[in-house]
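Naming follows writing order (A, B, C, D, E and F), and every chain is counted from residue 1.
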């Protein structure tokens, strides 16, 4: 099923968190079947797909790492429980981050968001449940058009929502009180990898002194960046920029480029809401240290885990 | 034919200059037929359409004003010649502005542009004719997707072109040497009305110290802004944000907004290339004074002309 | 009467325009009495007071210069008519500038202003007369507290008004759509001399991308700055910073400083509304050239006029 | 006595530290009397007053929390000693922060400050004791006019002091070497709650590349902000903006607003001097972690304490 | 003699104005000898040298153009008088611009300058003659080290002078009140071509809110830029970066680059002092229009003149 | 030998790391000789030289402190091993930081650097060893001209290198992808003390959105800044600004100033690469805490060590 999703290119449209959950569930199924060989094979195939399809999805990498680490140390002993615990912990982390972010919204405010982030959606849900009135400008988020899903979600919640083209962000910014964004990954210096357009949205908010909050559980942090690694930003198929009809009118060797993510510098983000509280992006190392008991966190790399799985 | 265009919503996709030419040609036809009554009726209907459909198209307003002024003073005497002369003069002004802009491009540079501007296209043509090598990032320019036309045009010229989503402008800006934009209108303080997304593009260029040049003949200047008038920025049909298929999945009272133009402040534009030379945007009044022999230019308003036509 | 005002320190509290009108009226009285000697004496005494009390009041200097120039050339012949004409022209210029500025305000907007400017007040009046709804944050404008007068005026107009301390400008800026300021003088490079606090207000607006409009007739322009002259900025009596009661508690040699004006750089002002239209501050020289028929304008200095009066 | 102060509205004028000391002393008196019931009642009444009168005073909240926590755990056992220890520790923390801040001042420098901060005053004292020559511009700090007290204090120290209106900060900034500010509260992302006008002062310093140092012991940090809570910023009585005489001339339904605090973003503050050293504002979480042995610090909330007191 | 200078590479070290005077004097000599053929030959050879050695020296180009134009129209008739008049006019223009700039300096101020500009030197002279006390930081201005000459000149005037390395400009900027720069050329949009390092100096001043004034007579304006032409910026011999001794230690194919000029954007310059007064850089077109009686100024190009000389 | 270096003024030209190694080696020699008295004497003399010659060299101070601390506690017992271990550890830290920094460079990029930093040089070496192609603009770094050494080093590595004057940094910045700098010291708030010109280079990079990376092992951090201490920035001999020949032409009392270091604010640095990973400059305290097991780190001061040595 998961592979079906990948095949149809839907993966890119799912939120980073949903994508990570799909991975967890898939491995859980195999563990429940007790299929050791199938587990190793699936694990490796998921690593490959992830590398190819969504290399910046830190939540997926971090969860995969924890599952792989457990397997390497204890094989199937307690693995099912470990995976269930991780799933629950991650789910709760999303809600906690959303809850903390929700406290920044004051009744009557106008928000702006981009793409389709599960954490941001949960924040919207919490606000509605708490009876806080607000309205939202949603960027459509070309080329994936994930903004349409966020807008529909908000519409179902009964929130006044305006869907706008990405390039109209500056036009409407003067009406906006706060911007909320999700993250695909957060680097150790506080830089945030988000859906393409996130950095230009944050620049525009910054120009107009509008506050920007990222909502992201700790699973989005990229340990590799501590060691200087660049986060790989995959480029999408440029054919996604147009429909088949238009495509046909273009010459065969037509050039177009469709980056899927971009990097927002930390000075354009006011704070990151995590399950451990709210911080300046530059304070990321403190949290990592607290949670992992050391800095740099003593965590094996995926390469080491794969090595041991053989 | 012109009405047909309007009906099919193509007007918005034509460049401001093409739109103006269509108006000129339509009036020219009637003048050639010697149909006085038809002229007055058409003139008024064009004014209405313009007000409704493309109120920021200064070229159209300025040409209409000159034609109306001549008619009010001299009826059909010399009107055909006047219109022909205006058409030629405007056409030449576009080429002259394009020529001046072309001189700013150095061999091997990487350019970025948005939407579909006749003047910018002519500049691209001149560069190719002069054997200057360059490549261009073209923003697709949602919701109208006029960028597709510019990209196709460049492709036909044999220029290396990258079509990108609007929100990827910041992602690629680090590769860019200069940005060229067209204008729908230029206000007296140097602010520029352009296709939605122009202001966010210029902000992004400014952040990265990349120079921005507007290419626009004098017919784009808005005399009304001298008297404090705001340029009316029409909003498009939000249904243009999605295709019918997507549209059907949304609730009936769905909210979306589709502004077509935005305003770029003069401090984000390095210079405007006009048929009278290159200037800082703030120097606009000098040129108006030179061309019209006084400041504010002694020009009747459309309202005065319509009044006299009765 | 005028001297009485000066004596009581009220002069500082009158707007620059009111101050200039007082000067005109005083000279008019003497001219009507036909008292040549009294005229010369009063003229010189006004020049002295102006130099001492309000040296940055360009409107006063410019009107004085025109009156003095006429007297030097023609003695009393046509002088009364000249003064009446100047008074009317200046009054009309204020209304014209106010009218142009009023066109920038859209129904429902929230404005912010500082001090007490006659031109800005007239703009407020025009907006009310035109049925445009708006509200205003008024800075109290220490130490003169002229903001109280503007607030009272707005209150009488029935406009929703918030009087705030000067340092709360940034706190409330997020609610504000546009800032309107008056001017004591405008320098040739577009820098604006305004009530102390104007430059910090404009900086704050700029930080939040809120547009700033100055409302000022041409009489506020300082020709001397063309020749490099610095505009003299008088410092007020620091005792104005506190009432007598507080004053008494302080040591005899207590230090305090009370500058009355400051200089706002042109890049913090979006446009200046004048009777000749709206401009970027940097375009000031064009207007001077247009009005005076040359640049630098061929105008005698006050020193030359005083010389000839002897 | 404390209630008397509150009644007379003097509380607002005391520094945050003095306010906290008053609370400590009041509770100490009751503890010394051994009046358990009185203690609980007073504690609750102080919580109420604080909430109403000075909700942003983090030092007061943090000290109250520690005292309440001890009482809930140990009743009166060791409570007197605990309170005495807290008082001494806090007092020492102020001196330590002041000492660290003082090291940033070089002989002959010109400083600027706002309001009346005990820590900043102590820094001024230390500088004088160490024989360092400096002069200070003090903003009067409308509406509370606390600047008058700081200016008097400096005058008594024999320091050359200039009292200026708040809006003259930009006028004099060109003469200034460093800005020192106190804090009412510091949020987890490094944002600083200070007397109204602090943020505009820091913006102005930032524009002119003048360094800004906050002087604040750890007791000013707001743990609640870790959990996303907004710091409540009380608004003062707008009547404080004018004296009775002026007040009477205004209409009954007159509008005015008097916020007492504002928020300065961390990027306008170069460093915070605390008793634990000097830091970038973004590094706040590190210190909290160090001092409380975990992050978020394991501290009960006031609500939990009040709950248990019943 | 002029050729001697060129041969020894001194031309680069002379100020733009001195260079222009050398050209004038050389042609004057030939005209006085009545040698028509020699004149044409010298004129062409100077054009060639200028193109090769100092293409950005607008004063030289503009003077050459006026002389050539006269010759083409009137041969030797009145040519000597024309050249003498130009020389005198240009000399006076330098003094006038220097006089206007001098008015911006207040007693006791600290200035900073770069390179060796005749106009700026004259301003320094005027200040000393007027008894105004000031001190100057002079950037040494690598690689030409022209700063040494300015520093020596100031030293002879008895002005307190600090010679500093170029990269120390930011270090000392906190002490500086105003920056004065000369120009090699000024473009129509107000951009200024100056000695390499000028733009980084102006950026640094801008960061610290220190005002920048350019001192440049109208002869420095580049008419060609009106038509979009880029000003050619010659690169020097990189061997000038080091002495022979160091040079010898480097490999034969060693890379180094020595640009001689750079471009400062108009928004980093507060005003340009010219013989026609002080302006915002963006107002350049007004002055050109005033002086040449039209815009673009009706001036033949050097190419046209050379054509006619044949 | 070391003293010889100092005598000849070469010390300033060695990198901070080389300077520290020289100190280590010198003390090692004495320890190996077993000369206790000589050790104390040399230690004190090195402290004196360091204070006088290179007070900002944090690596030297930190290493000296660790060696002195060991001596005070254990005399010569294990001292040799301790010094050897420190030398190796520091050497490795440089390589580790260089390795992490090297990961930020992508094939084909253009870099810019200033002065001569051992860590940056090692990064260049690693890149070449890994087969990554890149080119470098090297600022000559007046007055010490250390850039010449870096350029020669790169040339030997076969890297395409351009030596440029310091003030040409802005001219070439448009071609640059990333800037790499070394550090003499890093303050607790992330401010960086580097070779004079570093801060202006970083400002220029910042203006053009070019990323800046500092490469510096933990030994460069200044613990004293935690306690508010200012880092002492020595000024060089101004005679270094010119050769003897030029010097002789100047008056005896000639003024010139030659600061050797300047301070770059943390917001101009994107990240610091250390042996413990890559961080935002503001996160410095986290690392110190991690490495030293507490914050502020429990480290004796040099003064305390000297005291005990007696």
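FYI, contacts are C-beta pairs under 8 Å (C-beta built on N, C-alpha and C of every residue); 3 or more make two chains touch, one makes a residue touch a chain.
It should be emphasised that the depicted structure is a prediction, and the values quoted were computed from it without experimental measurement.
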Required steps from subunit B to subunit E (each step between touching chains, minimum): 1
Number of hops, subunit A to subunit E, where each hop joins two touching chains: 2
Touching both subunit B and subunit D (chains): A, C, E, F
Chain pair with the higher count of C-beta pairs in contact (D-F, A-B): A-B
Approximate Å spacing (C-alpha centroids) for the pair subunit C, subunit E: 39
Between subunit D and subunit E, centroid-to-centroid distance (C-alpha), Å: 55
Multi-partner residues of subunit A (at least 2 other chains): 207, 267, 280-283, 286, 289
Overall pattern in which the protein chains touch one another (line/ring/star/complete/other): other
Touching pairs among all chains present in the structure: A-B, A-C, A-D, A-F, B-C, B-E, B-F, C-D, C-E, D-E, D-F, E-F
Interface residues, subunit F side, partner subunit A - complex: 99-104, 106, 267, 270-271, 273, 276-283, 286-287, 290
In the complex, subunit E residues that touch subunit F: 139-143, 145, 148, 151-152, 155, 160-172, 196-197, 199-201, 203-204, 207, 238, 241-243, 246, 249-251, 254-259, 262
Subunit C to subunit E touching residues, read off their complex: 188-190, 225-230, 265-267, 280-286, 289, 294-296
Contact footprint of subunit D on subunit E as seen in their complex: 173-174, 177, 207-209
